[in-house]
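Take this structure, written in structure tokens, and hold onto it; I'll ask about it next.
In order of appearance the chains are A, B and C, and numbering begins at 1 in each one.
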Amino acid sequence: MEFVTLIAMLALIQYLAFGLLVGRARTRFGVQAPATSGHPEFERYFRAHYNTLEQLIIFLPAIFAGGYFGHSLIAVAAGAVFLVGRSLYFRTYIKDPATRGPGMMLSFAANLVLIANAFIGAMMQAF
Amino acid sequence: MEFVTLIAMLALIQYLAFGLLVGRARTRFGVQAPATSGHPEFERYFRAHYNTLEQLIIFLPAIFAGGYFGHSLIAVAAGAVFLVGRSLYFRTYIKDPATRGPGMMLSFAANLVLIANAFIGAMMQAF
Amino acid sequence: MEFVTLIAMLALIQYLAFGLLVGRARTRFGVQAPATSGHPEFERYFRAHYNTLEQLIIFLPAIFAGGYFGHSLIAVAAGAVFLVGRSLYFRTYIKDPATRGPGMMLSFAANLVLIANAFIGAMMQAF
């Protein structure tokens, strides 16, 4: 579980870094809180960050549950793919939202593997 | 914990399915990223998905903590109620946001039970 | 882990209370679902609640992982600081978004401590 935890903490640090970039974009593009729209470039940062939140709610429980009940090597490997996918996603979304596909697919696929790993592992323990 | 984990993974799969429906609605109603508004029907899908995210942040730690420190049978039962409530919530929100009450209440009540189960269980271990 | 769990459950109850205040603000300022904007005062409630969600996705895994692999006393203390910071954040955001800084900083600092505690603890177990 140590390596699973390290990957999970790296994902939190990555997400935190995205959050800081959103804060900087808020100042740079002059979007005052509580507004979350008003400048298309700011909206890209905002949405790329939020989409990462949407994915982390799957990623975090699935990587820990899979590290415990499933194969921890699968959990660590899929976790690393998730990190790479999210980094690609964020950079491509900022440049051009239309190119965000590959990064999205990579982290989405990683999440599917993480869920399957946890689900099958828990199934085998249960029955 | 195996059954708690299975219920938690089912909740992630349900949430993932909601996310795919949002993606389909994006195409169908012509709402281009990064926009999250512009078509009232799309906004229903988007908000129903996000409200599920808002609830999962309670559901996931509470079901695991309650499965560990509280009664795991309560955790599993309340978890199943949550799944039913969310399914109802999503379908009613899409049809007519004004009818989303019962599904919302069902999953909200399930979350209250899950928190109480974990809280009381941890209290009894601590003192 | 009992005290870590109690702090985590208190954070969920706090977040739940914020959610109820958003629901009340929806009625009070006449913002009908699925809209999430339209009245600046409602938007403050909405954003303060959502920012708490954004922070909880870090807080929850980090406090549990740090309670397990790191020092649980650090996890409990930083968790308590997070609760105070979030309470301050919510109240100041509602009054005037420009004054939300100190509350945000307090909970942000708590999250950094929680991540470091978990990361260093897992590192020391792994190597």
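The rule we apply is simple: a residue touches a chain if its C-beta (ideal position, glycine included) is under 8 Å from a C-beta of that chain, and two chains touch if they have at least 3 such contacts.
Source: prediction; values computed, not measured.
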Chain-level touch network, classified as line, ring, star, complete or other: complete
Angle of rotation relating subunit A to subunit C [CA atoms, steps of 5 degrees]: 120
Centre-to-centre distance between subunit C and subunit B (centres being mean Cα positions), rounded to whole Å: 19
Junction residues of subunit C - those touching two or more other chains: 53, 57, 60
Subunit C to subunit B touching residues, read off their complex: 1-3, 5-6, 8-9, 12-13, 15-16, 19, 32-36, 53, 56-57, 60, 64
List of subunit C residues in touch with subunit A within their complex: 40, 43-44, 46-48, 53-54, 57-58, 60-62, 65, 69, 93, 97, 100, 111, 115, 118-119, 122-123, 125-126
